[in-house]
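Naming follows writing order (A, B, C and D), and every chain is counted from residue 1.
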Amino acid sequence: MKRFKTTKGLIGIVLLLVILLVAILGPMVIPPDAATAMDMRARRAPPSLTHFFGTDQLGRDMFYRVILGTRTSLEIAVSAVVMSIVLGLPLGLISGYLGGLIDNVLMRLVDTLLAFPALLLALTISAVLGPNIQNTIIAIGVAFTPYLARIIRGEALRVAQMPYVEAARSSGTTDIMIMWRHVLPNIMPAVIVQSTISLAFAILAEAGLSFLGLGTQPPAASWGLMIQASRDQLDIAPWTALVPGMAVALTVLGLNMFGDVLRDILDPRAK
Amino acid sequence: MKRRDFLRNTTAVLGSGVFMGASLPSALFAQETPATGGTLIWGHSETTQNLDMHQTGTASSGRVLQNIHSSIVTVDKDLNVIPGLCESFEVAPDGLTYTFKLRAGVKFHNGATMTAADVKYSFERCKDPATGAVNFEVFNNVAAVETPDDLTVVIKMSAVNAPFLSRLAENGAGVVMPVDSGPTQGTNPMGAGPFKFVSYEVGTVVKMARFDDYWEGPSYLDAVEAREITEPTTRLTGLRTGELHMINDIPLDRVGELQADAGLQVKTWFPLNFDFINMNHTFEPFKDKRVRVAFDMIIDKEALMEGALWGQGATTASPSFPTSAAYNQGLKPRAQDIEGAKAMLAEAGYPEGSLNIVFKATTNYPYHIETAQILVEWFKMAGVNLTIEQLTWADWLSQCWVDKDYQMTMMNFFTLWESDFLYFSVWNSTGAFNYRAINDPIIDDLTAKARITVDDAERAKIYQAVQQQIWDEAHDIVLWFRNGTIGAQPAVMGLDTVVHPNGSNLNFHKVWLKA
Amino acid sequence: MRALCGARVLSLGVLHMAYVLNRLLSVILTLFLITLVTFAVTNILPGDVAMMIMGTQSNPEALAGLRQSLGLNDPLLVQYGHWVGGMVTGDWGTSLIFKKPIIELLGQKALASAIIVIMSMTIALALAVPLGVWAAVHRDKWQDTVSSSSALMGVSLPDFFWGILMILVFARWLGWFPSSGFVDPSVDFWATLRHAFLPSFALGLGLMAHLTRMTRSTMTGILSQEFIRVARAKGLAERTVIWRYALANAIGPVITIAGLQIGYLFGSIIVMESLFGYTGMGWLTYQALLNRDLPLIQYTVVFIAAVVMLTNLAVDLLYVVIDPRIRLG
Amino acid sequence: MKDIVTVDHLRVEFSTDDGPVIGVKDVSFAIAPGETLCVVGESGSGKSVTSLSLMRLVEFGGGTITNGALNFVRMDGTTLDVAAASPQVMGAVRGNEIGMIFQEPMTALNPVFTIERQLTDGLMLHKGLSQEAATARALDLLKSVRIPEPERRLKQYPHELSGGMRQRVVIAIAIAMACEPKLLIADEPTTALDVTIQAEILALINRLKRENGMAVLFITHDMAVVAQMADRVVVMRHGSIVETGTVQQIFENPQEDYTKALLAAVPKLGEMKGKAAPERMRLIGDEAARAAQTAPKPRKPQVLLQVKNLTTRFPVKGGILRRTVAQVHAVEDVSFTLNVGETLALVGESGCGKSSCGRSILRLIEPTSGEVWIGGRDIGALNRQDLRRARADMQMVFQDPFASLNPYRRLKDQVAEPIQNFGLASGAELRDWVLQLFDRVRLPREFMNRFPHELSGGQRQRVAIARALAVNPKLIVADEAVSALDVSVQAQVLNLMMELQEDLGLSYLFISHDMAVVERVAHHVGVMYLGRIVEIGPRGSVFDNPSHPYTKSLLSAVPIADPSKRRFAEDLAFKPISSPIFPLDHRPALSVYTEVAPGHHVLQA
């Protein structure tokens, strides 16, 4: 079983490494123009030797676009998830560990955010702050925060009742130190798992947002934007969806497999 | 390398612009006797909103309501104003009095017979700011609507308003509603049109049924169901599976594909609208004519049309209705000359790489986004860095249209054949739609002069001069007329009659379904 | 803490009524917060409905007139007061773009959405539960990977991808289902279901991943419990042990997650409803937002929030029915 | 008589991440009808795997029987090799001819099915009974396991039953199929139960065996239970059999060192009779340590901890506004004193309030009223800051050595934490301090950099003790500190605690349910029942002369690790413990005591 798990983890790590390499090296190896260069003779050309992954509606090479889009997509997704962690972690931790009135107030706030449509949030951010990548990250990050806060609160609540927390308290550890030393490390596995899932959602969220004008601005490439652009041509040029779709799928798969391994790495018990 | 290929090839591939053309089956049976009966299921591309003809500014609602209402005057194929609900009209030589003789025995859907009182009611309702009518300014100079008898309407103007009649023939302003029907028009529209309103399920379907007492004779169809399907792929699928008889607005990139399908009819026509690229004249670089002209020179309009519209349009340098007298035949789009543009920009003080322009495009028109993306490539070659910002329709309207907070953008307008409305409101420095803040004394003079010029030929000349001035100064970069498109099952007959001469409205009065 | 457990069992009856009321109170409090936030946010949004109605025909003069007639010029506090007051008294006003009473619009659209929400959730559960159980039974084996990977596929591609795929495959190529539209169930219930199926199926695929995961992890936990060994020691067939004994315990947490997903679902139906010309709450909210129809935005947002929170409450109560350990006394 | 089960060279392997691990190496034994065979061993000895193999349930845990035969004589007289039987045949055997009881009554029943359903589904499956017949049979079964109000129980769900009743239901399920199941396997059936309930269940198993003539395979780690139940005993260790024999042979004349060590580590209730002071356990191989034990220095009694009228109640919330509608009287008017260098044991069954009492003293939970004086300070009156500082004087050791250490921190950091909290040392000084603590609790120094999971339960408990010792406390509250440990490890930890007490003059508040252990370690004993101390006094006095009825029943229920003193032949029924929840206006009577002997107080009824 372990061998199986290790192989799985290895596949995950390899996948992620390849994706990371593509994100980092892609823009160095491939001229940035390659993603936007158009060829009107070859609009929606199916995959071929000249265009490995075919072309889109403007005759742009999908292979170059998907590779040069990697970095943008990952940057957006990772930043948004990091932002949601930065916001959601303290919220959930404090709420779950301290409980009582603070918990009640914070959770009502989280409920409000949860019930508040992400669409309205995105539209407002786009309209008030303007459509660009930073604001896209804010929109996704803020939208994800309540979910994360909820999950972290649940975990913190569970950990706060563990005897080692009681032991720490009885040996005079302050609440802040208990949260830092005891609660935080023990909720990290849940945070990691949630983050890997959130990353996938964040990549796709960008696709949805570019529908509203937020997200990567064309003609720059990102997976989300490419997926969104495939919407009207799925029946005649399925590769326009499948190419970025597979990129997302592989990333998600890699993250998932890696997530399990990462949990094991972080968990001293599994060493 | 690729870019050069792109340029060469798009020009090579270009065909000639498509005028009105219906690809076959229907033409073969055009002589058949129309059959009565059947319900036409129309896949409508947009959502119908408020059903009050006066309050409706959106094309989607207008497209439907066109079948429910009749207008006092309308236009023929050549865009001449002709009588509608009136038998005749007369304009006093001083241009201050209009007299309409109404048709006798015109029935409204509620069974009432139209009288002058209904006309008076409708016009005054539209004029009243409290109604919130979109076209209320058509009646700006109207001092009084008088009804000497049941079939005569006399309109007194406080000042000459040459375009008044044409404006009445346009969307909405000239429709006649029964007295006191105003409050219910929004939910239960009623007029004297060929179809009666049956029901509207918001966002899903508008149902209309034949009005047997229609003054031009009853329609062939028993009923029309306008199903609202905004997603292009879904609409296409509905047509292909036979769930829909007809769809409007075939995505431009799919027209060729459908035309190739022998089992379907495709009808394209132009102009549906014209598009132009706007430069904000308060933005420092665009104050310099050389920059504007250089920008015009960067763009290859034919290639752009092929790229963004998939060839479904025709380039133009004039926004006038192509068959109208005012259309300046002498104007041609500036040819692409990137080196020349570079030189001109350098001369204006903007050497390569020094101009960074934000191009705001609205997601409401996907082909605007495509246009912008193609522009980015050319502008890059000319050393101008163009960045796209996508805006929702609401944001575009508030940022570009109202607040004039943009550098460069593009927009389309339904091609208005009434020149005064077009040139005065869009290019006169005091024009209501001058969102580029253009301030050109020559245009101001010309457009003012046209208003008081009675002779039609003379007026047309003035407007041609306006077009010349717009082109010379490159106030805006006029791109093209875009095609309108309809796709239909072979059984749908009389498709030629569907499109209103103004290019945007659909009327099903003479459409029929072959068994 | 251990002592408290005893207390719980004893006074369950009291606790439960109180629990329900307490939850209701917090729902109302949250709704109030949402009205505030929504009102504030909608008023920050630039642009207004008058502009949207006029479009490129709008000019300052015309806009002013239309705004007047739409009552957009009242002070904000007055508008908020009107709104909340109207909400409570049932006078929800009229949509500015559709000119229809909001209450009527919401009624129609909520019904349409309810159908696909329920249907998609049913489909998602019908797919996710067996898949998750299968994965749990073969934990850490290839079956587990296949299960989680296929569930992940559902979230790796956006909803509209699955929607369009459904349209192409089942409507265009196979012709089994209509490609679009909504039929009122009072007219033809069978047609309602046929029209709702494809969008529901596409939505279900998106929901599946999380549910599969949840089923797997819950089942994994339950399969290691002593009572499963007891069931096996009784000689029950493995089939019975897993699908009856274990699943009966796993279904509660899975349904709780399903309940939480309702909120997420109300986000995804926006795309799916437009795609299938199946106009429900998602579509209505989207139209309201795009057209800056503030009264409609405010009511749709609060309505959806209320539905989401009440659904979660209902799920919690359902849990009580499923799990006798927390049954009403 | 012919043996009903013959286990022949059983070997079980588990495939794990690190390759195959041997669960059972080589085990052979036989059970005759009507005989109770006890398999005894510490955790990891393979005793449970052996029992699961007999049911072929071991496969569901990833195990495989790789060698040996498990011959079982079926009802029709044929012999079946369980190791080679098909799943279908096993389905017919399991539950039908072999019944099994498991350790955890709380989790052994499916929480979402009624008792009736769980009893009848097997009956309907194996016997083809109709629903009515099965229900009738189920009712008979519940009666035969002596559950009160059996009709009502059928319609109830497991959570509505107490632990003891649940275990009776599990036994009913195990014996459901026939009046005489051929074999009953009981895998640690009473480990999780309170002592009085354990006594009842043991008596029940004895009666059923006697009445039905079935064979019982009894798996346990508890030598006292073995002494009470077994006809014959198999001692297992590391997957192999160490020694087999009749119960008398094993207890009176053990042959193997391991068996001797095991027996030595078990405290026998009553063996401390007449001894004034606590005494360390006799550990084989630890004779030197034992010899080193100096005679306890007579101390001048000096009060360290004084508890006066301590009361702790938990609110039961209800109503819309979450008002308190009732109260759990967890600790009710408890008073006692604890002297420097002495151990006071609080004993009682689960829910009696002994843990809450310990926590209330440390103010880990806030007491409702009462005073707690330590070294002249009223703990109850301290503010947050002072309380934090005062906690240096009083530390706690928890029951679960797995849960009381943070899995994500290195041991040295966990031990150092209290020292850092009070700013007592840092840098090299801190390191030395921690080093000394590791030496003190006899843990190798290289363990400092390890994580908790790398240690065994006993080692972890030593770390917990080191952590408690870190700030030189005067009082240690040990809450079931040795309950989760194997018996030999338990003895070692107990010895360590006693050694520390002698060396450092520590006082222990020793909270435990195990009367035999308490008898060994305590100077004074307080018996708790429903939140009150019902009897308190010097250990000898309380054990020799239990005066409160509850103390008496408690002591009578303790199994004694001596086969000559069997106590559970007849059905037993102790008075069930009532609820500690009272309405808000309930005014409990004050605790009034009668002194029956010097320092020996008994609660007046």
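Methods note: a residue touches a chain if its C-beta (ideal position, glycine included) is under 8 Å from a C-beta of that chain, and two chains touch if they have at least 3 such contacts.
The model shown is predicted, which means the values in this text are computed figures rather than measured ones.
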Closest chain to the centre of mass proxy, which here is the mean CA position: C
Chain at maximum distance from chain C, centres defined as averaged CA atoms: D
A-D or C-D - the one linked by more C-beta pairs in contact: C-D
Euclidean distance of C-alpha centroids - chain A vs chain D, Å: 47
Computed distance of Cα centres, chain C from chain A, in Å: 22
Centroid spacing, where centroids are CA-atom means, of chain A and chain B in whole angstrom: 43
In chain A, residues with contacts to at least two other chains: 1, 5, 123, 127, 231, 234-235
Where chain C touches two or more other chains at once, by residue number: 45-47, 164, 168, 172
Per-residue multi-chain contacts in chain B, two or more chains: 233, 237, 392, 394-395, 398
Overall pattern in which the protein chains touch one another (line/ring/star/complete/other): other
Every chain pair in contact, whichever chains are involved: A-B, A-C, A-D, B-C, C-D
Complex contacts: residues of chain D adjacent to chain C: 55, 57, 60, 87, 90-96, 98-100, 102-104, 107-114, 121-122, 125-126, 157, 159-160, 170, 173-174, 176, 314, 316-320, 322, 325-326, 328, 330, 350-351, 353, 355-356, 579-581
Complex contact set, residues of chain A against chain D: 1-3, 5, 162-164, 166-174, 177, 181-182, 185-186, 188, 266-269, 271
Residues of chain C that touch chain B when the two form their complex: 45-48, 50-62, 64-66, 68-70, 97-100, 105, 108-109, 164, 167-168, 171-172, 175, 178-182, 184, 274-277, 279, 283-284, 287, 290-292
Footprint of chain B on chain A - complex, ascending: 36-41, 57-59, 123, 126-127, 130-132, 210-214, 217-219, 231-236
Sites on chain D touched by chain A in the complex: 15-18, 62, 362, 364, 388-389, 391-392, 394-396, 398-400, 403-409, 413-414, 417-418, 421-422, 451-453, 464, 467-468, 470-471
